[in-house]
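Two complexes follow with chain A in common, the first pairing it with chain B and the second with chain C.
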Partner chain A sequence: MMFRKTGKDSGESSPRFRTIHATDGQSGNPVDRDAADGETVLQVRDLRVNFASEAGTVHAVRGVSFDLRRGQTLGIVGESGSGKSVTSMSIMGLLDSNAHVTGSIRFHGEELLSKTDAEMSRIRGDGIAMVFQDPLSALTPVFSIGEQMKEALVVHNPKMTADEVRRRSIELLALVGIPNAEERLKSYPHEFSGGMRQRVVIAMAIANNPDVIIADEPTTALDVTIQAQVLEVLQKAQEETGAALIFITHDLGVIAGNADDIIVMYAGAPVETAPVDNIFYEPVMPYTMGLLGACPRPDTGREDRLVPIPGSPTNLVDLPAGCPFSPRCPLAVDECRMSEPELEAVPGRPGQRAACHRTEYILDRKLTYRDVFHVGKAVPSILDDVPYDERRTVLDVHDLKKTFPLTGGGFLRRRIGTVHAVDDVSLEVREGETMALVGESGSGKSTTLLEIMDLKQPEGGTVELFGTPVVKGMPRAERRELHGLVQYVFQDPMSSLDPRLPVYDILAEPLKVARLSKEDINDRIGELMRLVELNPDQVDRFPTQFSGGQRQRIAIARALAVNPKLILLDEPVSALDVSIQAGVINLLEDLQNKLGVAYLLVAHNLSVIRHISTHVAVMYLGHIVESGETETVFRHPLHPYTQALLSAVPVPDPKVERSRHRIVLQGDLPSPVEEIPGCPFASRCPLRLTLPEDKRRLCDTVPPKLGHHDGWRQQVACHFVEESAVRYRAGIVQRSPVTARTEE
Partner chain B sequence: MYADMNNDPAVETEDGRLEPKLKRTGRMTLYVRRFMRRPSAVVGLVLLIVLAFFAIFGKYLTHWTYEELDFLSLGTPPDGDHLMGTTSGGSDLYAMVVRGLGRSMSIGILSSLATTVIAALVGTAIAFFEGWFEKVGMWLLDMLLVVPSFLLIAMIVRSASGTAGWLWLTLGLTAFGWIGYARTLRTLTMSLRELDYVRAAKFMGVGSLRIIVRHLIPNLGSVLIINTVLGVVSAISSETSLSFLGLGIKAPDTSLGTLLNEGQSVIVTAPWVIIFPSLVLIALTFSMQLIGDGLRDAIDPYSKSAGKAE
Partner chain C sequence: MIKYILKRLANYVVMLFVAVSMTYFLASAFMNPRSNYMSRHPAPPEASINRSLDNANINDQTPVILRYLRWLKGVVTKWDWGLAPDQSPVGSAVATRISASVQLVTIGTILSIVIGVAIGVYTAIRQYKWQDRTLNAIATFFLVVPTAVLGLFVVFGAIWLNNATGTRLFYVTGLHSYGGSNPWGYVVDFLQHIILPTIVLTIPGVVGYHLTQRTYLLDTMNADYVRTARAKGLTLNQAIRKHALRTSLIPTCVNVAFSIAGVFTGAVITETVFAINGLGRYFVTTINNNDINGAVCIAAFGGACTLGGALLADIASAWLDPRIRLG
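== the complex of A and B ==
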């Protein structure tokens, strides 16, 4: 299956879907659904949404206008708080009652804003459908999938017979790629994986042939390989129904391949709208440039420094008088601070409109983000002169094992199985290097970190820190010393900082454990705040008074407080906005170079990993399937899973995205309870399918060992490395753009 | 507390530049400031202080003492001599209210505070240590819950001598009041102990007791404060019911509960006997409520009483 760029030619839809919808149901307003391609279905004009809040009026959306044609895909991009979701909610009429909406939203010429909730209910799910971000909460857990599909269908087609409903449900589930659709109708949502649930949600969204599908971050909660599947299904659903798609996301990579037009939003207002290529290749508004520069690309490595946008997102309550981006914009002049620019056509660029006073200046000088934003220089590493082999090993993990007992309910908790969370994981981290653990959710990467951090003798295997093995009955003093050398940074800075303590006390905590004097603690905290580029005068504030990026800086400062030699980081940037994320990644790199600290990092975002790590280990179901230097692994992935993972990473580049072919893995991650005698990846392996019968048996019965293979620099756990490499080189497995570009 | 640091405004950093020395406001100072920013909290605090003064020094405003009986005026309404009138037995109500308020305040506030402290420590510790500690702890709590507390308190107070009776009463109320409460707090802590910042503290090697005192208990803050405030009210009402049965405060000593009990029977003929103690009791609980709200807001990191980082 391939990921095709369609969109414009997807006007026609199969006639069998038309039969159900001869007229427009109950609204009594017959609408010609078979209108020609290109007909405007949705027209939004000067949409403004305000919310009342304790702090004052929140201007969530400030003047959004667009037209949506049948078959068109419109991407709305922005960071959290940019008003993108509020825009979609106001189209659906699902805003809270404290929202004040003005402007106009016309669906087939009908004004939606003046409709009552009951009238909107007829349009919702029928004319306009929505796919939500979190498939876990979008389905009711107590009803079977069949019942929920039925509900979606019958509410708009009361005359449908049970048999018709059933046939249509099966048809829809098959369309979105759910195997055994007929049997699965009886299943409940918890029996489906996240990706499968999202497919069901999409099936329900297209059930009534909507004219507009709104997808609000539909893949954000999913793993990369599942994301590839869902994007494909969404594309297919759009082709089948010929609907217009509004795709809301913060991830420029996801949208590059399948959008026709893009609206970039900042502080509730559109700052640039243009066809997709213009946004990616010739952005005009500095914010758009900043977003592109800040976004780590999977096809550029550690040497390309990211460009963070200075400052933090604007507060929607007290907007500055002029352009809301002016406080963060390096090009801002007095005019920008006086009046807010209108969205105006960019001369010489049809279809592109930007809200910026400096458009001419930027066009004249052909500025790119590198000119606009200050690209800092990386600090030279203090370990640059030390060859890799001579660096000290800070962490040596050998054959680490961790299992969780699975107990049945009931009075006596019987053990009914074992979850092999981590199985024979071996790692080596040397000073000054960044080792990244990649894998999908459930691959055991976080468990590995926690096992190391616990400083307890592991269930199986050994953990050695700075040459000291972690064993049972380690003396207290020794354990405390290790605590000082190993620190941890959590994924979510909202929950890893105690909200009741001011920043000073948070930073003082590890220092008090290290028994520093009051004076020294005070000095060190000032130093730490400056180290992570925060204002030391803000130490009396509470974590909630800082933005997400600032909070993660505080968490990093806390980890650095006692001068550790190794920091374990669990998804350190995944909870942050793109523009903020870049700053934190740069900070982590600089700190490493300055202090020579080693990182062991867990992440699912391969672009981030390529930017930050020197070594990478790919995990699948608790096993490491491939490990080696980041550049080697990204350029010549050997394991079929690594190849698939790399091919699925979205690249923020429309041309690359359109021409690429994803290796779409079949199925989902097997349950970790399952006892797998052979290779854990065998059930989804595309290489195994091409092998003859006797070789397949090897995959199914003998687990491959992680090891070096002739001629390759990385370690791989696969029986058929040569075959995989040959297939990859021959292009039978479509090369991912990630590797293709760097080889040029 | 940190004033000395401001005397030395600059410190040299490693690269030789002069950086301003860190100025900071202590956590307590912050809390006090935030508390004081809330007018209602200040009103509550002032009211409590006034009541305390009234309880301590109020007796000097009249020549009657709570033990004296004025046989010439039985159940008379308020007049110049008896500021709040007299009870049917001839006691001066003003002197009784002053005395009773003092007793009730000490019993209510002391036992409520003690209950909260014990319950918070035990409840969070049981949840925090997990494993066998939690099992044994829960088992003990469940055993204690079955003990007929009312009866035991009655027995303790009965065996105590006259004037120290209220202390024993406080002790009894505390000893049996914390158990169910500790159980609730343990349940709340179970969700807290899974939070990243608690794990972060463990990873930094912070000691268990420190984690409990610094991270777990403050984050139960609002629950604890509400419970302390309500605890004062409920301790007073327990005391009232025990006194009603003749087991709490015994004459000649008196408390608001005893007074209310007495006023109840003469509500039609001598309403002042119930009105004045009620008013004082309402003022007491109201002030506790205001203080509680203010405290909760002061220690609440999400509160509006602070600025915003830029």
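== the complex of A and C ==
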């Protein structure tokens, strides 16, 4: 039967993990490869897009030109507001009607910009297809997957019979790795996980063998192990169709391994375009350099400070005269502020073009980002002299448990199940250290943080803050004192600050609660603003008048106001652009060194965690599977899940990416409602599959306890630590570049 | 599914029973049918008043619990909803008025939904274009015109037309006046009666559905999945018709189902303007006349309609939205 065969191919009965090679691991130079292909499918010339807005005309795209050949992968990189998505939407003809588009987009020589919606609809999905960012909202919730696949096929092939449509749909779903494709046709989008939905979107995009696939941040909304799966599928889809791929992303790591050429965009205009290696190893334009220096890498640790780009992204309504990057550029001279540079070929570098007046200066002196941007020294920590064992414990969590009842509908709301969100989590945080909780969505990391934040007696286990156990019936005064010592910073600085309070009042609020006098409050606010590197004169402004990064600084200042000893940070930089994120990470580090405050941090970005944390706890399905010093865990991960997680992190380095091997975990996180008698990771564990039957039974029936194992410094919850370590050392599980590099 | 509906129905019967019983006690506490007799000139003798009240089972000298049990027994065993203070049976009075109300509101409701949703979709697709602005202005105008004023305008307009043409095109009172036996003549006569009240009922209904449907569709029109549909090769209009419309109809469906009860009992003003003996006017009359049994009977009917509407709303949204599971 057809579907059995395809089901097998898609991994149903194949080993549950595979190591995959990036496509062009052998050919070192992508430029050669391009020359071999040839036929230009898409030609964009001087594309400009303006939007009318209440504030004035938004110049979203200002002169983008490129050629795209069959089989080529073009990466478009930029921060929010750089015009990368608007560029892709104008190629698709999907911009709002208030957009004013000029220039030329030719697909197989045919001009697209002059086409009507009806004419464009014949090309969309047939010649040019698109994969969107958020798979959760990209599929119509009220139609089954089969119906939506069918639509993609039939709209361009009206003569296809129902049987052909069905066969092709199953074939496509199997191609993108959806098990039981035949049965899943009847499923609705909400019955799929995010990663699976993105596979469906990819299947629809390649349904008609397009010549161009545009992927707009296709993995940004996904967890790192799922991201690895989707990148693999996307690459397979491209190989299968021979299409050209435009890959739009803000994450340099994601495209390092896949792209042939890269366009870096800033303020709507391309500032540098080059083959991928030139961009990563020999960038010329200072913005490109800054982006690379600001990007935290999973293979460099806390001692390598990030390079923040000063200032904030340009306003697209009132662009400054001259180079839009000049206000933030350390190399800017008068010429840069007078006229905007053209994108010109960089002498001696075939294929590389940069829009910079200082190109020659940079080339002559062979400047790198370390020379161009000021890399500050970290402030020495006040606790440097105190040995770890003598530092005070600020937070001690023991066997924390949190469950949520799952209730049925109807009048009585009977309990039909229990979600074990956090199960037996133990943590210890000492003063001056940063403990990071890391895990994929649904791992219980945020719930753990919220439970500690609550300052209530937990459902199970104990929480001890500064030696005081948090129990029911705690005296009010004591609780208030604890509140002063523990503060919080949230993910989204847009919504965590009251938009109607000026910054002064936001910062004064916790101080008033602490009953400080007016003069003291005034002094303290000035001090706090200087501490987070903001201008103290701006305290009368409202949060909306600040950029995202500045707002997060205000949130940090608010948390610091009452001199806390512990700050709980929930994804503090994930809503920020890369260039801004670096500044906030450095600030958090400096503040910790100056004040000796401890952080408990939740994040999903492993690169950020490596830069910011001293200790890390890896969570999976409400359990901590591995915890220890960040350096130890990143260099010698012992738990198979940690190993997979680390191997999936993209590294912003093309050579590393091309030669790397990823452990691609099969499947998704099991439902938290499921009762798992044994190890929670057993269903996806690559190590378990290599074990003999009797040992497997142990994994399936006995939950492993987090504990120390002989010869290892971290704690691991795995029955077969030795086997895992041996496999890792022997390279059966390919070492991730993350760990390989740091061992050199 | 069937099991779910049966379970729901059983639930509803219990809820309805509680609600109607509460209404009975409330009505008995607040209404004083004795005053109907006391205010007559000359006042009838006390014994005769008591006899009449006892006969209708609304005598305030009988303990309310006894009256309630007697009333309940009548309803459950004989489907007898009791007597009004003037000794006329409540059940048959309500039945004829339900029939009048159904005739009055059915066409109006269907037209409101169809025209309102159609205009809502039409204007949403043309957001901020002149068609949208014009229809929005008209809708806003009718939104602020009270039904009574609208009714009078329609009546005056119809009379003017009748006078201008010299024939009786429209009737402005009642529902029927044909006495012959020709079925065709009956239908024409009914249409001549129903057209004016239908206009008065339809316009506010259309305005409501137009404005809400426009909002719902605008919400879903910019959804990511509509963009995906366009990226697959559907034109903007196809994508909206197929992908945005269905999701935007879910809340409208729920609205329609819940509005059923209101439609029956809420047409008081239209009924008054056109002198139609429908449920709305009857409800007001029962309250004015201290008609305990009548008011309770109407409340029971309204409750049944509301719960029926709720069930319909559940089934309709489950049918339209696969994410909702019944059971």
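Throughout what follows, the second predicted complex is superposed on the first by the 707 of 744 C-alpha atoms of A that agree within 3 Å, B and C clash if a C-alpha of one lies under 4 Å from a C-alpha of the other, contacts with A are read in each partner's own complex, and residues count from 1 in each chain.
In this section, a residue touches a chain if its C-beta (ideal position, glycine included) is under 8 Å from a C-beta of that chain, and two chains touch if they have at least 3 such contacts.
Source: prediction; values computed, not measured.
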Fit or clash between chain C and chain B when superposed on chain A: fit
Which superposed partner A:Ser339 touches (first chain B, second chain C, both, neither): neither
Contacts of A:Leu139 with chain B and chain C, given as first, second, both or neither: second
Partner chain in contact with A:Thr418 - chain B first, chain C second, else both or neither: neither
Of chain B and chain C, the chain that contacts the larger number of chain A residues: B
Touched partner set for A:Met453, first chain B, second chain C, both or neither: first
Partner chain(s) touched by A:Asp117 [first = chain B, second = chain C, both, neither]: second
Centroid geometry (CA): angle chain B/chain A/chain C, rounded to a multiple of 10 degrees: 40
Touching partner for A:Asn563 - first (chain B), second (chain C), both, neither: neither
First, second, both or neither for A:Ser671, with chain B first and chain C second: neither
Partner chain(s) touched by A:Gln550 [first = chain B, second = chain C, both, neither]: first
Touching partner for A:Ser496 - first (chain B), second (chain C), both, neither: first
CA minimum distance (chain B, chain C), superposed complexes, angstrom: 12
Residues on chain A engaged by chain B in the complex (per definition of touch): 54-55, 315, 453, 479-480, 483-484, 487-488, 490-492, 495-502, 504-505, 509-510, 512-513, 522-523, 525-527, 530, 536-547, 550, 558
Touching residues on chain B, where the partner in the complex is chain A: 5, 11, 13-14, 19-25, 27, 30, 195-197, 199-201, 203-206, 214-215, 218-219, 221, 299, 301-302, 304, 306-309
In the complex with chain A, residue positions of chain C that touch it: 11, 223-236, 238, 242-243, 246-247, 320-323
Complex contacts: residues of chain A adjacent to chain C: 92, 94, 117-118, 121-126, 129-130, 132, 134, 137-144, 151-152, 155-156, 188, 190, 201, 204-205, 207, 411
